[in-house]
């Protein structure tokens, strides 16, 4: 094929035209609440031409002028073929936003095409070079799709929590925020959750339960993991494997017997009950993670400690544990996350609203005629702490404390 | 150590009212009452679990269907309930409501309030199209035919989510309307094939005029409020919302969420009749105070008495639109509570008495429903079995499968009868 | 003091015997080096002495006291690891002082000893750094510092220099030699490196397969190896070995010349003759003990290594001056320094008078 | 000869190692104990319960309930007053043997006549009722007079708690077994459907999460500005509480007021809103062949894939970053195109981690309860085995049947776990 | 064919210039070795040639064709990596044949070429094994096999032997030499190892800081280094350097003796004198060019290295025969081989006639 390069430019441009227009249109809709129907056909055509112009100008001469020119062409095409309404909105509806939309469309199209078509000639291309372009396009699409896929639900969650039921019902597409209403009105759902629905308590309970679970889990799993990974004793291999099996026992299988027994012992509907169950279910994971980490710690460090006159316990406390801080942090984070997010046992065990965890509290919001924004606000309240801690710790975890202790 | 009181009225405003009442009670008797909200859907499980753990509360505010099963299971202290009713004078209670809770030679629990289910319809459209009020299967089907025009307008919004109580209620209402019942004086009675098939075909017809998917009260209300449904079945709790008095469930038919327009366009029917039962029937629900077997009996008696007497209007004021008084008055003034109730304001974010929102005829129809209200097993003395039949959700499941065209009507009835016979 | 005695020490890992009954006496103040091929048990032996590994059989005595069942902390030894094994979460100061701290010494005392060690090892400027911020050589110094401060009765080193680059290795080698001279403490040192072994050791212990092949000073091992294994193991490039036969006071290489055989009185007859590359001279063809063809001539500047294939026998390596240009493929005669010949019996043992 | 010394390994373990083993056991004991109590114990109990006809209410062992009341309102010393004990058998179908009531009479109460079942010893009242049948009720009246100390009591009946003793079979601990639960579970029309749904859900949920994870990992394998941010973002679905994301999806997909449906209808993609979580199936036909597309199940599977792709993403990314870049350079030198590099180099290298992830995710998805329970409650054709455990055990209050389903879950699980241990490549070190 | 020409090649990593304009001609069939201190740009230069790294400035020609902008696949070269970079999931056969498979050659052809390569490299017995099941040397052979089958115009090696142990390294070195002889293909080889460089190369390129210091045959570099850097870099142990002064045809060591200075005609005056350790003889005190004290005598068997501190000057290293026992601390005279002296100007350049 003599003109593979041109063909690729056209197809790549068309794809980006379509995708960028779709995303811009939907975003416009969600931001303004006006229903923008993206004119995909016109956008594809504009994109294709844009791509072709870029390639035609050749990589060497692809200067600012080339980009501006290509963008102008795309603008003319998209306007002409959509009958001057690229979002199928009359021009006098949210004109400012429409303008921004077009601008973003052209900018994003130019950016995507410029990156994807870098180095593409008009004429024949080797298989290697073709595939390089395919991969760029695929990756680009991947970024767009994944980001939307992941971010959209969270975006909707937050935005919904800031609206009122009637706004939501009136126009489910309008996720804009009306800042003029004032802070208290904007955060009304949150205020109500904390004042009327007891969410302050739930937050406290969740925090206490999660932190206590973390502490208990570490207290149990650190010695266990150390023993399994470092000490020699009969049955060690068996034990270290079966840990993983226990980790796989489904909670739902445990629920019925635990429910029965805890009911009779009066442990159901109490935080003590949760604080027995949660660590028990997290210890195997924690033990497994820690054991792996302890194995990875250079044995020489501990041997150096032994030579320096420490006992085993001394070695664990003074050397292994300080060195395992990153692992302890990540295990803690993981266990915290499990405990914070845990739903089944909280749901089955807790009846008394004074000791609801957040998960349990949010379920309660779903059960009666509670407005939806409250439910979403509850979801936000349950999500923010764990996400916050996750983001904060993620950075923490990177520091490999052992770096530099072994080898140069 | 005070009393523990479980209530299914768990919305914060309603909870607050109940807590107020508890405070008033404490002021009077010195007995502390902890009000514990329980989601109605979980009530059965929760109570059973608490019973198993020996951890029952003292008093439970519960719907009709639990009264007899719990009495049998040993959860409720029926003797004490009887004692309370006697002390308050059985004469002052609406006899139907009391009858529904009668157990052995007393009462399983103390009836508090009640309501009847309603067909809520767009009076304006019916009038414009010259349709009769939807009081019969036939009238409904005619209206559906005329008005069904999706997605702008659905003829009906039927309940199809099988694990929601709502579907059980609507189905029972529809079946009762055609005189279908699964019990007689001796216990289970196979569903009458002809009548049941009529009801099933009717239900299928209105389901086909509904949106796809699992529907329950939520969708019914949303669609009707959005002006996209011609008819729905709902409880009277909708009455204030219809008039735009509650922000969390606003009518969206026009831009004004506080508009009373929809209320004025709405007609209400409580008694529905099928072809084989021209008299028709209304579906009523009554709520009770149950005193449990683990209760501190004396204190519990005090509390229930208080709530049904001095505190009765407060009890009703929790949601007057859905809580019609069952105790009409006391010894001195037989109309005391009825009168008081009528003046209670409804609504959440804005308030107004019902009399301001609906014309008198409508209100009369609403309240009058309670007189003809019935449930399976009430007249037969088989409420307990009927409750179990309902709780087993067998009917819901088979009806749903019938709607989904999985088998024909006759086969469905046969299957249902076979499954229901197993329920004890 | 640090006299160490191993008495028939064995080590089994399950059914695998790694140390096969070793007797060894180490005098106080001696610098002893363990060498041997990889996997021969050098590290294991060191770890048995340190107490990090349990002795399966036999006994270990330190200064006359049986410590076989003592944990490492009870033996009063210090160890320097190949990987340094510094505590990454402590500063250099803390690293060095750690052993004293665990022993509960007062702070001032720790401070004093750490400073003294830092002086000796020129670590003063780094005392507040973490190991991460040090170069390889500095890390190794810290590791040694950590060993010094505890004033152990002996130091154990397991290939302490093998992670360093060549230049640093030389420098640290001098450092360790200097330290030994200064402290006079017993040192036991495991290495792969010939140069380290030859230059540092008072006494080299050659191990093979968990057994001691020979113990002796570097010169002893080079000049008078006990057996073929030690002969080929010590010295680089390694000793050439050729088959030979003996009659009376004369030895003969098959098909080549021969010479005087001094150990005629010995009980066994040699079957092999060993000669180191540096003890062979290239002479014109026809002269010398053997004749052959130069297969490869590796020019290395100072020296040229000739790979000469002796007619009918093996290829042997000859070290010649780099300045001599001998073409590959040329025929040469080889003259062996007869004073430097080694003769081995069939069982590999050296034949001595 | 050195070799001659001893050619046999020493028996037993030395003192140092013995100390070590003892320490190890000590350190493991607490963990061992709690896991035994909370995991292994219940696991066995589950088997036990599954062969017992137990409902939720049966958790309360049959006992005699007693209620003490004071009848009459004595005003002055010597007024008549009645102590009334109401007793009943809490069980509807079990008798209770040797029922004995014990209480001490309140101060100042003078008993008139002793009922025949009772004896009085000082102030100690003991009444024996013998064996009582199911549903048994009894009203025991002690008539007497009140004296000053009695009048002074605030709540005379409550001064001492009456005690009742009696023997009854506890259904949980007796040795009556039945396979009724299993019979019911396997007989029900639903069970096989549930099993099928479970496997659909598990297989497609797992594969979906894996494929998404693989793709996402490809995206973030090369370094660029903002990669850290995206990596954090991509982990959100996994880190957030299930309750929050599940409800968000429900709101997002709501047919009447959800953003997504509004978008689809308003932009003219579909005519009528789609009830993603509520509609069992969409019917369509291909060449006249009527087919059903399980809509709700698919949506639930999509949720599963969305929520758990970050996990596979993390592991795959870690594995990819550990692939030696030299290998790709070698492939470049070998003339492999980017696709060939992915297909011949990356993918085979990832096979190990992918298979481990598949097995792990398979097991976890199989075990998953919360997600479906919160999204659909198991309706509209999305009921899996785990949801069935809940439905049987709690919604229908039949613990035995629930346990029976749980046993099925566990058996399937053990099968997979065995497979897992058998096939998991050791070097992946998960 | 595989003539490679580098024309003012530069490489910048951001603002850091790593290769500073290199001109180099490599003839077809030549064995060229890049040496230089760590970080001098050897690997980078090799990667520029291979195309794995983009050239910032300048041009690279292969057989007269400008390939500066070609991807690696378009240059027809093969590369052998230090880490082998074998595909662990493929058998040896697949590894070796992979390059042919991506090129779409027919199966039979691939099979034939792989067998041929396996023959050459003695890999026949391992063809169906995975790399994991191979020893280091075998892996390296597979890596070479992978390079061979594609019949490249040149081979590029980046420290191919540095992951092997000493014995294997020697063996593989011979292998590579043999291969070069057999194939006659151009080879470019990066190494740290003096011995490899000296023994393998037709031409050694000494790099420092991204610049070529000298290009020449091993003997040229050893005997006639262009500058101080090359003089000290090539040869082991490295050349001793002492300050000196010159007057006419005579050079002098400060405070010691002197001798004949042959390059009196040269434009610059030398300030430093270089002498390799192997070109110094120990003579009785008072004789020779310089006097000093033996500080350390390192006995290595064949040789003894003496560290002699020359009075008033530096310490220098002297290589003597191992048999000579010279005590540490003794005073000696040192005689320099006057034919082997090197003189350097102030700028480090060698002074030549």
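Letters are used for the chains, namely A, B, C, D and E, taken in the order the chains are written, and counting of residues starts over at 1 for each.
Operating definition for what follows: a residue touches a chain if its C-beta (ideal position, glycine included) is under 8 Å from a C-beta of that chain, and two chains touch if they have at least 3 such contacts.
As the structure is a computational prediction, the values presented were derived from the model and not from experiment.
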Those chains which touch chain C and also touch chain B: A, D
Contact-graph distance - origin chain A, target chain B: 1
Between C-D and D-E, the pair with more C-beta contacts: D-E
Most widely separated chain from chain C, with each centre as the mean of CA atoms: B
Innermost chain, taking as reference the mean of every protein Cα atom displayed: A
Between chain C and chain E, centroid-to-centroid distance (C-alpha), Å: 28
Chain centre separation in whole Å, for chain C relative to chain A (CA means): 58
Distance between chain centroids, defined by C-alpha means - chain A, chain E (Å): 52
Distance from chain D to chain B - Cα centre to Cα centre, in angstrom: 32
Interface hub residues of chain D, defined as touching at least two other chains: 17, 59, 257, 337, 394
Sequence positions of chain A contacting 2 or more other chains: 128, 169, 259, 263-264
For chain B, residues contacting two or more additional chains: 49, 52-53, 222, 226
Of chain B, residues touching chain D in the complex: 44-45, 48-49, 51-54, 72-74, 77, 79, 150-151, 161-163, 211-215, 219, 222-223, 226, 293-294, 296-298, 392, 404
Chain C partner contacts - residues on chain A that touch it in the complex: 298, 300-301, 303-311, 314, 318-319, 322-323, 325, 401-408
Of chain C, residues touching chain A in the complex: 50-52, 71-73, 77-79, 81-89, 98-99, 102-103, 130-136, 139, 146, 150, 163-164
Chain A residues within the chain B interface of the complex: 164-166, 169-170, 192, 196-197, 259, 263-264, 266, 268-269, 351-353, 364, 367-371, 374
Chain D - residues contacting chain B, complex: 55-60, 65, 67, 69, 86, 88, 90-92, 155, 157-158, 255-257, 265, 271-275, 277-280, 376-380, 394-397
